[in-house]
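A quick write-up on the structure given underneath.
In this document, chain identifiers A, B, C and D correspond to the written order of the chains, with residue numbering beginning at 1 in each.
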Amino acid sequence: MKIVESAQLKQFREQCRDWLADNVPKDRPDDGEAMRDFDLAWQARQFEGGWAGINWPTEYGGRGASVLEQLIWHEEYALAGGPPSGCMFVALSHAGPTLIVSGNEEQKSRYLPTILNGTENWCQGFSEPGAGSDLASLKCKGEIDGDDLVINGTKIWTTYAQHARWQELLVRTDPGETRHRGLTWIIGDMQAPGLEVRPIRTMAGLEHFAQCFYDDVRIPLKNVVGEVNQGWKTAMTTLGFERGTGTVAHQIELATRVDRVIEAVKSAPGGADEAQLEMLAVLKSEVMALRSMTAASISRGMHETVPGAEGNIVALYFGELTRRVNAAAFDLLGPHSLERAGYNYPAHFLECFKWAIGGGTSEIRRNTIGERVLGLPKGPKAV
Amino acid sequence: MKIVESAQLKQFREQCRDWLADNVPKDRPDDGEAMRDFDLAWQARQFEGGWAGINWPTEYGGRGASVLEQLIWHEEYALAGGPPSGCMFVALSHAGPTLIVSGNEEQKSRYLPTILNGTENWCQGFSEPGAGSDLASLKCKGEIDGDDLVINGTKIWTTYAQHARWQELLVRTDPGETRHRGLTWIIGDMQAPGLEVRPIRTMAGLEHFAQCFYDDVRIPLKNVVGEVNQGWKTAMTTLGFERGTGTVAHQIELATRVDRVIEAVKSAPGGADEAQLEMLAVLKSEVMALRSMTAASISRGMHETVPGAEGNIVALYFGELTRRVNAAAFDLLGPHSLERAGYNYPAHFLECFKWAIGGGTSEIRRNTIGERVLGLPKGPKAV
Amino acid sequence: MIVDLIPDEDQSAIEDTIVSFLSDMLPVERLRDAASHGGAAESAVWSQLCELGLFGLGLPEEQGGLGLGLPEEVLVARALGRNLVSPGVLAQLCAPHLTSDESVRDALIAGEARAAFAIDQAYVLDGEGADWIVVFGPGGASLRARGELTLAATHGGLDHTMHFERIEGGAGNTQPALRLEVLIAAYLTGIAQAATDMAVEYAKTREQFGQPIGAFQAIKHSCADMATRASAADTQTLYAATVFGAGEDDAVEAAAARTLAKRAAFENAKANIQTHGGMGFTAECDAHLFLKRAMVMDMLGSDSRARRAALTATA
Amino acid sequence: MIVDLIPDEDQSAIEDTIVSFLSDMLPVERLRDAASHGGAAESAVWSQLCELGLFGLGLPEEQGGLGLGLPEEVLVARALGRNLVSPGVLAQLCAPHLTSDESVRDALIAGEARAAFAIDQAYVLDGEGADWIVVFGPGGASLRARGELTLAATHGGLDHTMHFERIEGGAGNTQPALRLEVLIAAYLTGIAQAATDMAVEYAKTREQFGQPIGAFQAIKHSCADMATRASAADTQTLYAATVFGAGEDDAVEAAAARTLAKRAAFENAKANIQTHGGMGFTAECDAHLFLKRAMVMDMLGSDSRARRAALTATA
């Protein structure tokens, strides 16, 4: 327990701040091709500036920043109002790291550079309809036919699939196996014939998700990362890569939102209502806790090699808190927050539900915390 | 949906109010023999006044009041500050009604009059250690030996067992059967040799519960109510007797507590804190809802013959609300509420936990609401 | 005060009629089609709606009404909420109570003149084609001719199935609006109930890990809590309506009903989305419509500060 | 500000020492015996406690302390909370910071003079045998000689394992007590953690319906929520301690820690009782001790109004 910002780190912080101040682009489109182009262009600009792949090893073209440097980068990024990585998120935070750990040399040299320089982006292809939070019950099928894997089935909740060039695709290649066994991780080609992508409109009115339909889609076997039928192992290797620094931006954004509402309530005509301030005081303490939990998580990452299941606690806390903050903002700011104009409160509030649903609902996270952090038994058995 | 207080009912209300004003005793002792004597004396006084067994049929010596009259009685009783029925509760609200529905003539004539006139009181003997909320897993054993049932085992959470004369006792008489089958409902004698009663001190510091230990306790078979091995059926018949009017007193007491705290907060030096008033406004609306839910439950009772599982909704609401109200009282009244003097807030707060634990925890009630009110499947099965 | 909160035969008949009409003509699914938005679906069946005789339900016969009361109106309002009927229909139910001009009142009861709600100094909701606007202000509500108001177009609001026009200026003279408070509570209660029903239905049919998700306590208990919140809001609203004007403190009863109904509608709408998991997050699933509508309708009439004052005034 | 929230080797050693000492000498079970109440158990091991060198932990060496800081003190306070150690021991940790009189300070650090807490204008807690009382007031805290105060006996308080004396009059001159706020938060966090551990342990071993109750989602998710609340309170308290005096807004950090720690201690103590079902309601089960202690300790120092002001002042 100590303050660890050295003179060297302070200098790094200055460097981040200066570059971001000059380069952060504004007015990211909410949706569509324009959003994709914006996200790739911003990636390219970061590449040129030497900031691409902040947490990637230098041997693969990344910045190779230490965990503390990553944290500083993300803090400064959020404070500078940097846009979400958006259409580049999966490539930078998941697909790239997976290739770095489990890909062969050919795969690394083919796919890693085009991520960093912003020319090609990726989407994920894990979830399936009916599988929901139960990832091990995947049904989308891959059959070996000559040098190809022939994919049939569907994937859903694929973020920005309609805008992606490649896909990390998890398919069942051994139909005799169940659960985690018999899966294969393969680099899917979003331009392959037989693949149809249908955007899903969310309740916020945006098309940030899609469903993918595979009808005899042929992907060459050389695109398999790791071994055939060992896809679960490949998927799991990436877990150790993320040190929790990526959530810093969300946390700072949420804290800023609380401060903004406090200001609004305090400057209301007729004076601040103490009951509203009390609600905000609690939310303020909670966003501060989120910051502290994130800091603790990053601290653990500096001392341990493989992160434990504790990350689920932060994820649960964030998912529930972001919804409370956005709901309170609505309630406290009054009727004018209803309108989709200026700061689009409706869209922000409605979009934030994804944090308690996507990537594991709050219910699944509570199961995981109970079982993997606290050691409670699985179950229950039939009664 | 209409107001139903007729001129006749208004007159009944006056009658209740007048008698209660003249007769309600004050300063009920918190615990011990003195409390038992107080409760029985108060029952005797109600008997003399013609108010004993307000909901019992007149043929068994009860008042035979209509549901609306019962409601008025309980309202006036609470408003007059009437004491809880305490040591008489099980006899009046459960054992007596069970005998009325399922007892034979000999049992009725032996046991009912001494309940009404306050000479003999009862306790319940259903729960067992390890069984908790799972009543059907009872293990306390009864073996037929000649004209007796020989009881061995233990019962727990028996309210006021150390003060009771008789006990409604549910024992397993067919060891080959499980769950609801093979149980027998018998009138236990609290003075029988081989029975030891050990009081249980609650976290409030009171001895309102006890554990009973049965070591070859012999109870004559003529004490069996209903048939041997049909005890579950006997236990279930009582359910239809209670029309929800008995909870009116708790509801009025809780509403009074909220009003008292509002007054205290409003007269605080330095002025009322709007944040505290907001918390109290919500609690006020919730105690009003409790009143309305109780009224609806009684209204249903006037139209239906057998109450449904909806009563669990009111019970869940009350159990959770009473704890919130008492906790808020503590929080809002400040340090002086910590002392066990005057109105004993510590004891009241701590005792109120029983409503979310005893007679089915809130968790069990949520199961019941889910399965029996909403029709959700039992389960889950093994995963 | 002793009340019977179960609807009697006549009351049940009124409720059954409107429920059955809405189920046939204005099911929630209609809102999947943008052509039904902004009150358009309601306008398309306006003459049949008028024939049901809803709009004079709670007015004395000498004022051209049916001589019934708030309990009957509340049953209607709750049904409107369940089906997310345009707030204009609820406004039409309220408007005749807000005018002493006989010809205006007659036209509103007959449905020849149309009403809509406005959120205080903010937006008119589904107000296209309306002649009269129910405008709320701190002291209550008043009925204003649409032509008197300065209205501006918007880019739409939180609830995309509604039409929003920005309104300039305040409410003018107002009269006490406790009756409207109870009716808004009833509409919100309808939302809370419908969200519960939808979640329960989904929990029974949707399978995960090889069984209906309703078998899991996380979902089962969430549904039980939804039912409990809806029950609290519902019984209190019915109680407030039943004793309305009979000597109880109407302001306190109405404030309690609104407080509970708001919470039930919000929490149940959110829990319904959560129960539906990923599906609940999509525009295709109707779950989000309940949340959006609840948030907009709650902006009508009293705010939490006013309700707090009422609820803590008389202790 | 970039911090490492994991205790370093020296910090871990301090924590391990006190945790191990408390586990041996002052386990929670001691409170089942009334002879241990009111700080008696602590008095019985006072000399060994003093030998651990806790009471000068956070004071500069030139003031006779060990020259460490609030992080080390917080680890100790959290351990005290976990074992429901008499608040007098926490007061002893705080008291040396509140005096500039060298001889008083030396006596407190050495444990030759004893300290206790008082709740503002209400009660002295476990104050028998104390020489100095840490008295809170609106502006902070001050150290008062016990003899200066007017004290009266009571019939006991909510927490029957503590000794309550009524105190007349206020705090006198006070000095800022933000350090104390963080330490009280740490004590409450210890309670929240211990309640979580106790509930989890019971959920693993207690069977119902033929399996450990922790297999049921109702219990499992309640435990997960307990762990989450404890984690939020704990990390914020550690953060506040780590950055204390380093240029962040200490008042805001301390207020956040107290707000979260209070809630975690209260809610987790209640959930622990609920997890234990009927057993949890009895005096024999230790579950209730955590709730009672949390409620009393939360009365020390700042109230919610003061914390609200701090948390919403600087936005």
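Quick notes on this one:
In the analysis below, a contact is a pair of C-beta atoms (placed from the backbone, for glycine too) under 8 Å apart; a residue touches a chain by one contact, two chains touch by 3 or more.
What you see is a predicted model, and the numbers here were worked out from it, not measured in a lab.
Chains that touch both subunit B and subunit C are the following: A, D. Across the assembly, the mean Cα position most removed from that of subunit B is the one of A.
Two chain pairs, A-D and A-C, are weighed by contacting C-beta pairs, with A-D ahead. Rounded to whole angstrom units, the spacing between the C-alpha centres of subunit A and subunit C is 39.
Taking the mean of the C-alpha atoms as each chain's centre, subunit C and subunit D sit 49 Å apart. Here the spacing of subunit A and subunit B, counted between their Cα centres, is 53 Å. Residue positions of subunit D touching 2 or more other chains: 209, 216-219, 221, 304-305, 308. The set of subunit B residues touching two or more other chains comprises 273-275, 277-278, 363, 366-367, 378-381, 383.
Chain contact topology: the protein chains form a complete graph, every chain touching every other one. For subunit A in complex with subunit C, the touching residues are 127, 130, 132-134, 137, 156-157, 200-203, 205, 209, 273, 275, 323, 327, 330-331, 334-336, 338-341, 345-346, 349-350, 353-354, 356-358, 361-363, 366-367. For subunit B in complex with subunit A, the touching residues are 273-275, 277-278, 378-383.
Of all residues in subunit D, those touching subunit A in their complex are 1-8, 11, 71, 200, 203-204, 209-212, 214-217, 219-221, 223-225, 227-228, 231-233, 235-236, 238-239, 241-243, 246, 252-253, 255-257, 259-260, 304-305, 307-308, 311-312, 315.
Contacts from subunit B toward subunit C in the complex involve residues 1-5, 9, 68, 71-72, 258-260, 262-263, 266, 274, 277-278, 280-282, 284-286, 288-293, 295-296, 299-300, 302-303, 310, 313, 316-317, 363, 365-367, 369-371, 373-381, 383.
Taken in their complex, subunit D has these residues touching subunit B: 119-123, 154-160, 164, 166, 207-209, 216, 218-219, 266, 270, 273-274, 277-278, 280-285, 287-288, 291-292, 295-296, 299, 303-305, 308.
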